[in-house]
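Shown below is the structure under consideration.
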Amino acid sequence: MSLLTQFDQSDAAATGRELHRFAAELYPICRSITGEGIRQTLRNIQERIPLQLTEVPTGTAVLDWTVPKEWNIRDAYIKDANGNKVVDFKKCNLHVLNYSMPVHASMPLSELKGHLATLPDRPDWVPYRTSYYKESWGFCLSHNQMLGLRDGDYEVCIDSTLEDGNLTYGECYLPGKSSEEVLISSHACHPSLANDNLSGIVVAAALAKFLMWRELRYSYRFVFAPGTIGAITWLAKNREVASRIRHGLVLTGIGNADAFHYKKSRRGNAEIDRVAAHVLLHNSKAAETLEFSPYGYDERQYCSPGFNLAVGCLMRSVWGTFPEYHTSADNLEFIRPEKLAESLRVCAAIVDVLENNERYRNLSPYGEPQLGKRGLYRSTGGGAIGDEINAQLWVLNLSDGQNSLLDIAERSAIPFTAISAAAERLRDGGLLSVLPEG
Amino acid sequence: MSLLTQFDQSDAAATGRELHRFAAELYPICRSITGEGIRQTLRNIQERIPLQLTEVPTGTAVLDWTVPKEWNIRDAYIKDANGNKVVDFKKCNLHVLNYSMPVHASMPLSELKGHLATLPDRPDWVPYRTSYYKESWGFCLSHNQMLGLRDGDYEVCIDSTLEDGNLTYGECYLPGKSSEEVLISSHACHPSLANDNLSGIVVAAALAKFLMWRELRYSYRFVFAPGTIGAITWLAKNREVASRIRHGLVLTGIGNADAFHYKKSRRGNAEIDRVAAHVLLHNSKAAETLEFSPYGYDERQYCSPGFNLAVGCLMRSVWGTFPEYHTSADNLEFIRPEKLAESLRVCAAIVDVLENNERYRNLSPYGEPQLGKRGLYRSTGGGAIGDEINAQLWVLNLSDGQNSLLDIAERSAIPFTAISAAAERLRDGGLLSVLPEG
Amino acid sequence: MSLLTQFDQSDAAATGRELHRFAAELYPICRSITGEGIRQTLRNIQERIPLQLTEVPTGTAVLDWTVPKEWNIRDAYIKDANGNKVVDFKKCNLHVLNYSMPVHASMPLSELKGHLATLPDRPDWVPYRTSYYKESWGFCLSHNQMLGLRDGDYEVCIDSTLEDGNLTYGECYLPGKSSEEVLISSHACHPSLANDNLSGIVVAAALAKFLMWRELRYSYRFVFAPGTIGAITWLAKNREVASRIRHGLVLTGIGNADAFHYKKSRRGNAEIDRVAAHVLLHNSKAAETLEFSPYGYDERQYCSPGFNLAVGCLMRSVWGTFPEYHTSADNLEFIRPEKLAESLRVCAAIVDVLENNERYRNLSPYGEPQLGKRGLYRSTGGGAIGDEINAQLWVLNLSDGQNSLLDIAERSAIPFTAISAAAERLRDGGLLSVLPEG
């Protein structure tokens, strides 16, 4: 049974609720590119799928970078002269400039303001800001909060540590018949941001769970790592694995209500690019395919010219283009159970195509074979033929050894599922043989 | 003189009337894929052009198929309890399910209805239905006829035979300088249906007559055969000929008033595909070019992957897309003399391009040659040049050995006829030499 | 500093006025394809840039042509019976059919009319007509002038000489590091016509002046020659130079107010074609790129199939498509200082791309290099990156040895200037090395 059929026969609404529940479980954790937050997140994933955690020590050289210090935080606040906490990390972990160095000091508002970030255009939202590679400290708060601050002295406290430790990432590896791999990668470093990227994490984990018990053509590798430095670290430590990656997807921002956006790999016409475009065309409304660009998520690293992997990025809203992006409004209400479930369904459909995109040879290539004597045609002529016969004719006509089923689906504008089913009937009827790869 | 010029200097209206007259002569014959109907049709064509008939015995293995029994029919009717013929084959041969086995029986209306086909949406029209590969019998009638049938017993009689015999096809072969062939194929198995495909038959025959007395570059082969099984039989018995087919056209449904539709060969960019598109662009209004698909007419067989011939299909209305298709409304009023004549004209224009699509070499390729001293330019400068000079400049500029005249016509958007005439003037002026093929 | 920056830091209005002043200086001269008119024009150019004049004797065989006689004219007029000059060459040199043989005769109006050309649709304008290759004489006048002529005898006088002499062209050669050349060609044979082609002449001369003092990658050759026969003569005498031309532009009709039109070289996708399209896209409004055609200006000769040089044609209005074309209305008011200056600016931008379109290799191609530690990134994360960082990411991602900076500019839709600046920063940061050509 195809993965898509398996999904469609299950309770999608229940799946959506379960995905959202997992996101809600991860939401409060204060993640960063290193530290207990991401480590805890990976352990929560580990409760659902087999996940191997790797710890890479601070100072390790990884490609052009160095693994940074491990950041941990217990508390942070700003108190006014009366001792009232006017900004409180415990209420919202976005309040702290992520990766802030520790600070405990008193200062007038005028000085404090140099350490505050707000969003004047969205005065009720708290922005998400980071300072990974320059030691700094700061707070993020809503613009209205800031407007409410009176002149005077404030106590600022960030009870964090920035010390030698480790960068942590997790991998779930599902072996298939081939040692060639499909990579599914989701960044896991953002604190309380739901769409970016709890949505990617929970859908990736659910996809892994789906695939765990199946016979697979390819081997699958799910990577959960901090953005940028995590992908770089993983690539640095897995160059040989990277050379076996045949197809890949970065999953991110796939929980909200926007239409799907697929950003192509740097190659632009890799099989994954064509598969994703085909699946979205036939399985979603208003989906858009975007050309590759070197800014974005971790496809930046996988598609750097030295690796140039066939890795695209599946999103709904595109980073930086929606107002909730990197703000406190990217919360658990912003992502929806049914959208998470639909994203999982699209991933399942993509995997189906990758798994079944074989090339066949028509064993009766001279003229049309007589389908009727094999029970594969209608008996009364003169009227229209049905979709199933039409799909069979396409598969027979184009199975000359040059065309994969995806090639046939694209040229005929028939969904891959119907082409694949037609190929199965024809193979059962003795009219097709599968060709070896390559 | 080009074929097109020859056509344009003749009386097109008279040609149209003659084409329609021939269609009217063939209309009453009850054709099928085998039997006297198609044999008689081929004999009528034989009165106009040299046609060699081939008889292939029942049971002969042809590619993946077997030549079926020969079907002949003398009469068929349904009589009501009063002995009135309520359905009468002699009035309309569509009334019989084509290829019906013989039957003579009495049965109640309820049982009879299982053998009746009608068109509820077009209650006055009789559908055309066949049952070639499953032994069966039946009647086709107008929906209103069926609604008029009262309960009671009916006498049904189909005085047919379905016995070992032959499948018959006809070929008209016109040798040219080259042994490479142009194939013109029309199916000749449909009973009283005018557009599908008496139109194709009569235009093909007229085209052959046009070409009979000309010196030809290619050899031409006109095939009149039953649909599907006829093309398959012809291919099975002519594999070596098939390998010499350089260009081909299936002619069908070209008598009605719709704009032209050209369906490309499986190759998609074969010379015939480009020629047909070019000719239609410059010689007809609202013509459309359709991508190849494996359903349709006998291009299905010629374009099966084992043969993959450069054979397209020229139509006006596309099969299955117009209400008259495969009904009694596809009659002699549905096809029009002037449309038949225009179709012949387009075929002539296509043949002209095929015959004259040479590659030339500019013998003075460095700078423009001085056309004026050869009488090929105007004498006063400053104003605009004319179309003829412009066509000459295009031919000179692109005749570098890489471009055929069709390449030049396409790139310049100038009709092939003007490009070809310019090439002739330049050749006469000593500025071009023709290149050998290949 | 880029040429474009140099231009933008100068006083464009003053440049425009200077260009127009030079055009006004050349305007009264009666040029033709040979003779003192074009020779004087070249001497005026010589006052501004180093220009080498070449004289090619009448009768010299040049490609398929022969250098014609040298034409000179002192005066021409038509006098009526009262001795009044009704048409006077000294008022407007277009009045004489260019290259007219000498004549001095008296004839009735009826006979004279056979030698008169007018523009009935533009009754106040004088047309420009020539008769280079057929000995003839004639006058051009406004239609209203002709309507005013009464019956009677007229004295016609064309005090010209058509004798063995020379064809003259001028070249300005600016050597660069490479012996490969960029050709800038402007026809200089038209009499008092401002846009066609004093505009091309003055912009070409100003561009040469701009380049004279710069270090150049390519060598530059500016050719000022009569149309058609001049380009043919130059090509005939410079076959070896022609083989070194890597890029070329014909400059013509670039002084009026119309949007830019760039006509591609015969190759259609030569670097100059892509450069011109890119520069116009980012530096002008409503510019259009036209496919190559073999009619036009001297690109006809450079793009003849034997040479097939990568030479396009930069215009504003396209020849033959605007009413002022080849009439007395193509005068000094028709061209505008600011349009001439803008045309020079576009030429400068094109040269900039040609000069800087290198291929680089990313020296840190595995993953993104850490730009921050090199001062090439922002320090606070979470918000949008700027255009400069984005351009850097594009250059790094595509600098795999396959892509030139123009390739990167095209794929990223970022102006070449920004891509080139990003490459410079990255090279300074040790992240890029330039690749040798070829």
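In this document, chain identifiers A, B and C correspond to the written order of the chains, with residue numbering beginning at 1 in each.
Keep this in mind: a residue touches a chain if its C-beta (ideal position, glycine included) is under 8 Å from a C-beta of that chain, and two chains touch if they have at least 3 such contacts.
The shown structure was predicted, so the numbers you read here are calculated from the model rather than taken from an experiment.
**Q** Give me the superposition rotation angle from chain B to chain C, based on Cα atoms, as a multiple of 5 degrees.
**A** The two chains, chain B and chain C, differ by a rotation of 120 degrees.
**Q** Over half shared numbers or under half: where do the identical copies chain A and chain B land at their interface, same or different?
**A** different
**Q** Hey, how far is the Cα centre of chain A from the one of chain B, in Å?
**A** Whole-Å distance between the two chain centres: 54.
**Q** Name the residues of chain C that each touch 2 or more other chains.
**A** Not one residue of chain C touches more than one other chain, so the list is empty.
**Q** If you look only at chain C, which of its residues touch chain B in the complex?
**A** 63-65, 97-98, 117, 127-134, 136, 228, 231-232, 235-236, 266, 293-295, 300-301, 303-308, 320, 326
**Q** For chain C, which residues count as touching chain A in their complex?
**A** 362, 364-370, 372-373, 377, 379-385, 390, 393-394, 396-400, 412
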